[in-house]
């Protein structure tokens, strides 16, 4: 199921770029930022913003923000405005609060005693409410409900331990990290550097890429120092290919990485409390990330395929064919088919032009529901027993008409296999999940979910199955040499499964 | 490859709807038309138009046309304007001429001595130029370059053999059909009826559906007379599901079908010249149609799968895996995999948000080319020999960067198998094909096409292979009983392969 | 009262330009056309269109049309599209029919056997309905309700007496003029010439200007031949100043003037029926034209001032001050003040930003009515008896709240003096007048109009007074030498007063 | 001259409304705010914003801001969003800084420890730079360059002397007023009240109006308590008529007025330093304000007329007629005519549709300059000596083509009389004045200004003449009884003439 129907939503994507070498750069930074953002569009479609800096002293910043998709929000004149940037950060936003206003759009830029800083944030501060009070008690008025503004004011607020003309932003960022444990992947731009920050639990992803000459893009091994045209930092590595960057490495949980024209430098790794594991959001694997992104050394697609295989082991089916609810469940479906030996076929054809229509709801057409989006490939499955793989069932209201459609088009049986466990708990760390009451797993009907949605049987992947499918492929070896500070705990493995298990990585009453 | 890249384009889609029973109808005709049009959006994205009639005497027509996709072109106030329609026709357009102006947008409505008629047309008149001269010689000025206006004026022009108050539109349509042999699928709305017309060669598709109560939508067999809520007519049957209609039958080559509130009625079948076969465009199967559409009794998806199977027989490959250029080549790839026994995998992930950007072309980013649209699913194929199925190679400029991408990401070999023969000749019957010079099959490089595009080998499906894959599944039996006039020749089978063979169904110098 | 409130509206303005000398011209024809159109904006605000021709053989035409004011309808890319024009015609439209669609927008361009012609039209054909039938009986379908399309088809339709490659458009235009007596001021562009045509009754205005180097713009006398940079033709001479043109002369009633790169040439003057006078619309003087325009050798402002003087003679008032309903009645008010000896003051200040607001109607604010547009300059008239001059009272619903406003702000008496006679009859020649029922002069309340609108007294100018105010200043002498054909009847004086008297210049049942 | 040409510009207009009586109110507060803002549109055309509060505890605020004119910035859905307001404030902005971004648009709303406050500000803080540093030194980041944000943060910042749940905003406002002496007219909305504040020098205007039933709008005397439907506060009284409000009184220099559903209450008057006079901007009279506004008990129109009379005394002319550069100089021209005994005529007709066109500059049309906006009413002045009154000559580049136009159209002499003294100094208190170098009065050419602009003579009104014309009509008597606190110094008279004399009301190095 696509995001819009499931009701689950990522909050944001962040992206940054610093041109290497002499400035003004030949690298078209504003265009790299825009394309990078387009590649993160699946993480937020509500609004987008870019801030560039020329990196001079004092720097000149240019900002453009707009509602809607990146291509809409950034007309040619916006790119013109941003064109003198030698570095920049950007953000694409999915509103979880329902307040869709341009002023909530990131990055947030504020003028401080030390000049302007810009901040882009993916995540949700678990203790935002307490921090807002703290800031306001200091006498600061907050003009938005955005965590990004809050973070920015917290950075400005820190008792100035430094001289006026040499602000110690790193100390301020470390201080911020002691105030709030999670969740944030953060880009802070000041003058001529970007600080890339990931919270100690590593809850949200963040990784670094190296811009090399296109001709050397796919040479094996890492780009040579002298070939580097710039550095990029992104929520997901899927954005690297479209701008001609090579994957370099992840930012570690708790790490502050400084990105400048001279290269990248790990400044510090803020540790978690003794004995606590990282808590990278497991739903990034299951649902949010683009399948070609790499987390923890493994491709998301491969994890999803393993989930499908594991599902075939846990929930085998006596059926004729395996298929997918296009397009996100396809890797799991192929995995299930491989493991089970059943043939993989397509049962649904998606109308890619169906979108927001101005069709008024009415009795007749409303009954057609989500089926308007799909055409049944009848001849492929008529008279057959179908195993239909979905990646998740959140509210249960979208799979039902699809089952009906398949049965009416001739499927003799439809068995639903879900490649993730049921979602049962709210997320406070950056994911928009329907209310507890809306979640099908919390409804009485869940007891007979198959009957409720009209399937012949329904099975979910177990939590253990999901965790093992995720963790069996994790590979950090390739990153070892790139990380200056040797922080063993950051190599330890752990994932946040709170929405599935109710076990949150931190106390919620911070 | 998607349309925008290949340079091939369908010209148009047409759709019509007549509410059954008493008028004013309860059926939301304007919304049925809009949804029907959305489902034909793949046949034209440039502009869209709807004309409704209240069917009264004299009738009141309402028209709305707009540039862009249907959802953009039809804001709520447009639907409001159209809401009193008891019947209507609509059109979605892909410009072949490069003249993208609202005034070329169909349907075309003109006032005649007998009142207003509205015309929607899919196809291209092979003798348009001669007909334009004829019309103008009569003293008619033509305000657009649209064939639809030309047809409309030809209908108005016919010597009025009838009384003023009882125009014989059917005679005029038949007369028109003697003036121009092909290609057209035509909807003509006058007052309270729609005439659905297909040229004698049946070059463009046209079929009829029956609107039934949603509850009875998927009951087997045909809807009962008394359940019919209305009739729809469409370029493709894929539009029926999204509006709650059942497939009824095709309009036959040369047939004029009258659709009124009282039902559908075959008025006549204009014959082809003695001994000539129908010439349904074979590229509708290969490329244009949505895979869930039904032509000549068979599902397009199934034909494409058969093409893949045939290709595996004609051009087997010593390789490890089979994959697709998403999404249109997937049925052929699955067919190839089934026939060859090689495993089917996915090698590319498509960024569905990539669209028209305002990124300026420049040296660095331009080199990335089409690869910006795709992410390589590296782990799926690294170290493997890949057979990559494409549905057609037109200009050869888009497959090349994809092969490069796959090789750089680790494919040891990339073998291209094309599920259709090379396009070598222009189409004069409604398809936009690049100029002869642009077609890769006509370039010297075609001699070493594999070397030119960087593949390890390239093979095309043969014309015979394609024709047999198409024709082996044709089934007319299900339609027999529905056609009043028994016209045997219309059951004969034949397809236009002019763009592949240069054999045009009619003399071009009409 | 401004147009929007009175309910009276002009239908259109036309404008054309031909660059003199060698082509491609240095003259920015598209910009001259745009500025000329802006200066005619008061004649139509609904839509605007420009067609340019490069004048080559065959010519290339460029067309742009848009809804709304000229500045909105013509964005930079529109001007870009039109920039190769060496000549062009344009049109600004006020919809009288309520059908505001781009397709009704002029100029109308059609392709004929002889190539494309473009037509722009100001006026309304008194026998449009009969002509439409005639055209349609010939077998022509009409795609709009526009008289311009009708005229164009009539021009195309004329039995072709000429060879294919040398169409005799002048013969066709003359033929058209025998088919329809009035009302039209017409621009017909074909290849490299514009034909400027005025109907035999001269009902709508049309005049010619000479583009000279700006430095010679205000030299006395006419521009020398060698200085001419181009020729323009316009509904009103007020457009000449803003493009740097000198007033040259009027097109005479019935005259066809050919404008080419070689200069202007009077081709013919089609006469009126024996004994009939010209019928130039007297409301152009009263209401529609810009005050700085020149008709029949006199400035419109001067005529309005004379109307005010005449009104002071016909309807003197015992009062303290004279004022105006800004801004159109100001010349008449100054004339009244001069004649009566009463001091002229301002009583109302207009808010120029009041426009179409999205304020919902509701009890409280609706009561404020038109007064929202005006501020009372209280101190100027408190305690005084005011004579308020208006140029016309059409429906009577706008003057009433103004009187209330003045009285409440302290005027002891308010006497309304209207500088034109009451409108009582419909216009069929191009002016949009409210229905007979809506006209205050036809309502029972008109018997006690002062009581009805709350004034202390009301007087209108008499028809005789208006006619004499208009005709006493007519001067043709300055134009004598410029007109080749000596047509005495065209010098005779006559005006259409049909809306005031019911005496139409032609039989309406043509 | 209109604002756009002179280069002088007001910064802003503010407006507020509180519904009287029980809440939810029947009064359409959002619509009153919108119409009030439209009436202040001449004070700022760049952007507009409205914030409403339902006045509950805690309150719900709704905000809408948009670029452009009020009617553009506030589409129907914006009004829908604001419709639950029982009170609200709004703002229209003219950018002096060149930074036209939505985020600088006022009112500014921030969340504080005590809840949200909204601030709208007209003026410019003379010590903004020092105050920004102060705020930032406290650790507050400022997200805009707007003084309004600065004021809001200063209000939030004040050491909280109060309990958390009973913030003493009045103490905070008074504290703010000790931090910055001028210039500001301020609306602060908190929960269910609006504080209307004027700086101790009264540099910017602010006045209060009483909403009464429309039927009682123009009854003499003040509305009775029980009739009051609400209270409004506005930069100018011209906005009252269009919403059905009666003028009540001015806010005094230094006064804080609380406006609540229970009525208005003067809370305090913060005094100026001993011996200092008020410094109301004299250019509000000369240029900015709408002529029907009332300041210091007198109508602006009357002051302008007195300036014209005084000018006739100071600079009499031997001429035939007196006229105006429409429209702002008309009252002065009528005053000059009355005093001099010369007849008043109109010489220019303004094209009200000329606006921002996309016409490219080029040699020929650029030479036409400002004359494109005006038509010469030639017959009115040909052969005559004209005295042309302008309200100010700022850069001298717009009057010159007008003089040329008049002379070329036949004026024998053109004498310029300017109804204000030359502007020579910058303003730091809220007015946008061209740089010192751009001001004609500071250029060498000013020595022979008549020769420079092509006039036969030029005279300016003296500073003394202007001041006496302004001050002779000031009348405070009508306001006496309404002001609770008796503050004699606020009755003293004084005006800021800094831009004319260089004498600033406060030390600039605050």
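Before moving on, here are some points about what is shown:
We just call them A, B, C and D in the order they show up, numbering each chain from 1.
By our rule, contacts are C-beta pairs under 8 Å (C-beta built on N, C-alpha and C of every residue); 3 or more make two chains touch, one makes a residue touch a chain.
Just so we're on the same page, UniProt names per chain: A, B, C, D = Amidophosphoribosyltransferase.
Computed from a prediction, not measured in an experiment: that's the story for all the values here.
Of all chains in the assembly, none touches chain A and also chain B. Taking each chain's centre as the mean of its CA atoms, A is the chain most distant from chain C. For A-B, the equivalent interface among the listed pairs B-C, C-D or A-D is C-D, as over half of the contact pairs agree by residue number.
With centres defined as mean CA coordinates, chain C is found 62 Å away from chain A. In this assembly, the C-alpha centroid of chain C lies 38 Å from the C-alpha centroid of chain D.
Centroids built from CA atoms put chain D at 49 Å from chain A. Shown for chain B are the residues that touch two or more other chains, of which there are none. Which chains touch which is summed up as A-B, A-D, B-C, C-D. Taken together, the chain A residues at the contact with chain D in this complex read 63, 101-103, 108-113, 117, 132-133, 136-143, 145, 149, 152-153, 155-160. Residues 27-28, 31-32, 34-35, 38-39, 41-42, 45, 69-71, 74-76, 78-79, 213-214, 217-218, 229, 238, 241-244, 290-292, 298-299, 301-302, 330-331, 334, 338, 343-346, 349, 351-360, 362, 364-365, 367-368, 371-372, 375-380, 408-409 of chain D touch chain C in their complex.
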